[in-house]
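What follows is a single structure, and I will ask about it in a moment.
Labels A, B, C and D are assigned to the chains in the order they are written; within every chain, residues are numbered from 1.
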Amino acid sequence: MLDKNGIAQRIAQELQDGYYVNLGIGIPTLVANYIPENINVEFQSENGVLGMGPFPFEGDENADLINAGKQTITTMPGAVFFDSATSFAMIRGQHVQLTVLGAMEVSQNGDIANWKIPGKMVKGMGGAMDLVASAENIIVAMMHTNKAGESKLLADCTLPLTGVGCVKKVVTNLATLDIKDGAFHLLERAPGVSVEEIVQATAGKLIVPPHVPEMQL
Amino acid sequence: MAIKKVVANVEEACRGIESSMTLMLGGFGLCGIPENCISQLVKLGVNDLTCISNNAGVDDFGLGLLLQGRQIRKMISSYVGENDEFERQMLSGELEVDLIPQGSLAERCRAGGAGIPAFFTPAGYGTEVGEGKEVRMFDGKPHILESALTADFAIVKAWKGDEAGNLIYRATARNFNPMMAMAGKITIAEVEELVPLGELDPNEIHTPGIFVQRIFQGNSYEKRIEQRTVRPRN
Amino acid sequence: MLDKNGIAQRIAQELQDGYYVNLGIGIPTLVANYIPENINVEFQSENGVLGMGPFPFEGDENADLINAGKQTITTMPGAVFFDSATSFAMIRGQHVQLTVLGAMEVSQNGDIANWKIPGKMVKGMGGAMDLVASAENIIVAMMHTNKAGESKLLADCTLPLTGVGCVKKVVTNLATLDIKDGAFHLLERAPGVSVEEIVQATAGKLIVPPHVPEMQL
Amino acid sequence: MAIKKVVANVEEACRGIESSMTLMLGGFGLCGIPENCISQLVKLGVNDLTCISNNAGVDDFGLGLLLQGRQIRKMISSYVGENDEFERQMLSGELEVDLIPQGSLAERCRAGGAGIPAFFTPAGYGTEVGEGKEVRMFDGKPHILESALTADFAIVKAWKGDEAGNLIYRATARNFNPMMAMAGKITIAEVEELVPLGELDPNEIHTPGIFVQRIFQGNSYEKRIEQRTVRPRN
């Protein structure tokens, strides 16, 4: 079974040379720690920066330089700042090649719910709806089940949707899955996880091929 | 000669802002917010405001200060609730909240300033954001029609500005400020450094002065950091 | 009767302190020579500059610095450059207070035709359609009649339209006229021009008040 | 590390451009046009092109060079005809011309790059530009629906650019270049000065490199002036 870092590590394998990537808050942020050697990728933060670097050294924080998670950051050579309209022009115009997001629920037809729980405090969707509606290539990073042990991979989402039919791949603590033709397709098992465990933890329609390899991390 | 927009201070800059007006306020989180004008709004005590701002500040800073005094009737934002008072007012129904996808919010402000009354975007289709909105297919993909936003006053914060109202922002403190500057019937710019005409390179200006009606040099900027993330030296 | 400079001089009286102004090619360009003392106005050129100054001194021409008429220009302190989308955001968003344009025909309900003569070479509308569709305050600068002696102030335009119901004021070599309620309203006679001459030269509906003052230039 | 976009020369930059493609070309008149790439298009001899460009050059410079070789099937522009060959081809029906209000042209390119498939504008309502287009009232005023423009290749010219494709334009040579850079499936930037990563201030960049796929340093810029207007020294 993977922990959060393992999920991030597996998703990092999806990075390709020349990708511009938008990482959501939470597990997705950790993907930046596992960029494969010998490829160049750039991280876009929707508050208006391309070419983010690591966190600043203590004392070097700049209140005017943050990421979408409102964390202080630095920039790399070749970075650029822009306004929010231009930022979402990049996203909506499909200039960002990969978006990695967390989710509360994903359905077998690629719907995603990750912004609102009725009856609880609603914080808002931020840029998530723009990202999921426009990105060609969305990977959801999440735990396979919620804290109550219920599957987050469902036939239909029960929570208010963030986007419809947009998720193509999910990486969880248990598995890597593709979404197509109205079903989850099991691609890989997390280390030490059996197909049976994944079947048990998946409420939506799951296609299991005869052989399911274990992830190589 | 250039048209001069300089006003003496924040009091003069905020003249004419009244209760029940719609205000746009630049900033992302606490980054690039018009601190001086927010303080002045508290002082003026105007209420029943509709505030268009990506976020709503924290309990004791940014728009949180206006929430404390219950000056805001309605927030139009993409992400809110980093503060308890906001949550209390929202759950009790005192505060109306209209949540908008961040990209649609930015584009709707730009559209308001650019004379584009409406545009199609895929963001929000099939969600509650799309409810009641016109849907149309483009290239086989559903889009919803979103309308422009404008405000009685837009209040923005820039790094440098000149007497003609030309503005330069710094790093990610730019965010929503340029679009909101375009969309105000009256746009107020507070700047960290106000310079004479001719000191800014015409090639490096982010917001042309034509969008700005009043500019003044702010003071005592706190520029609070919301999430201080650092790595150790060595 | 006014010459082109006289028309420009009369229109310059409409300038007010703090106006951003877009001047079309031809007579409108001359308005910049008659800015009243003690007021500040700024000229917007739709190719991307605010704060235009005079033509450059010989030898100082910069190929990268032109106006919408493709003429080499200079800038004043406080000038700013921007792209074409931002430029028309200013125009469409009504941030420009006054637009002065030439015209081939103007109708009594404010329609304007100034871009195309069927059967002749068509050069295009450039920014004229955006300008007339959006400006709150459009003044047309033109000769009262064409080269064949026919009125250019008509009941209806005969040429393809540039915009509908948008012109509020016309300054010609013979007169200043307002357009409202479906008619031209005579405001002023050009120096030495009689009301009768203006009536003769105006094909559209013309309202003539009992007293028509002569222009003060 | 930043994603590098540098190609060796104009030949490499224009690789893949084929007959019958749609190209966007930046510039206003002869100001800010991609001179090197236009010469290369002449050399490649591609034809049946649809060219989206505010203007069409003059007889012996700019897009006029492509017209001479009858490489263009269709021009999408706001203002054309500063050259005789253009006029001859247009009147003879060899050349198709689609004239678009300049502001709508700029906004349609931006929309193409920004994923906005359509928007409403007042420009052209009641004229032949509005014929066949959807009309809708906003605030009591009629608007027409205009659609986004994109291109197989967008070809832009900048003053400075870095290895990551970040671009800075100079003065009014900016014009249509930034929007077209956004709207190309592949965007080629030729620059007067190509600099290493880190030499451009991230705050002063006009076109972020994400919009640019190929960048090279052009040479022998003629930068012809269309209307040389001067005042005498004295």
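One rule holds for everything that comes next: a contact is a pair of C-beta atoms (placed from the backbone, for glycine too) under 8 Å apart; a residue touches a chain by one contact, two chains touch by 3 or more.
This is a predicted model, so every value here is computed, not measured.
Considering every other chain in turn, the ones in contact with both chain A and chain B prove to be D.
Taking B-C and C-D together, the chain pair joined by more C-beta contacts is C-D. The greatest centre-to-centre distance from chain C, using averaged C-alpha positions, is reached by A. Averaged C-alpha coordinates put the centre of chain B at 36 Å from the centre of chain C.
Note: centroid distance chain C to chain D, computed from Cα atoms, is 28 Å.
Averaging Cα coordinates per chain places chain B and chain D 32 Å apart. Taking each chain's centre as the mean of its C-alpha atoms, chain A lies 55 Å from chain C.
Looking at chain C, residues 49, 81-82, 85, 88, 91-92, 134 sit in touch with two or more other chains. For chain D, the set of residues that touch two or more other chains comprises 107, 110, 114-116, 121-122, 169-171, 202-203. Contacting chain pairs in the structure are A-B, A-D, B-C, B-D, C-D.
Within the complex formed with chain D, the chain C residues making contact are 45-49, 54-73, 81-85, 87-88, 91-92, 111, 121-130, 133-134, 160-165. In the complex of the two chains, the chain A residues touching chain D come out as 17-20, 40-42, 44, 49-51, 75-82, 85-86, 88-96, 134.
Looking at the complex, you find that chain B touches chain D at residues 107, 111, 114-122, 136, 138-139, 143, 168-171, 202-204.
Residue ranges on chain D touching chain A, taken from their complex, read 1-4, 110, 112-116, 162-164, 166, 182, 196-198, 202-203, 205, 208-211.
Only residues 28-32, 54, 77-82, 87, 90-91, 97, 99, 101-107, 109-110, 121-129, 159, 169-179, 206, 223-233 of chain D touch chain C when the two sit together in their complex.
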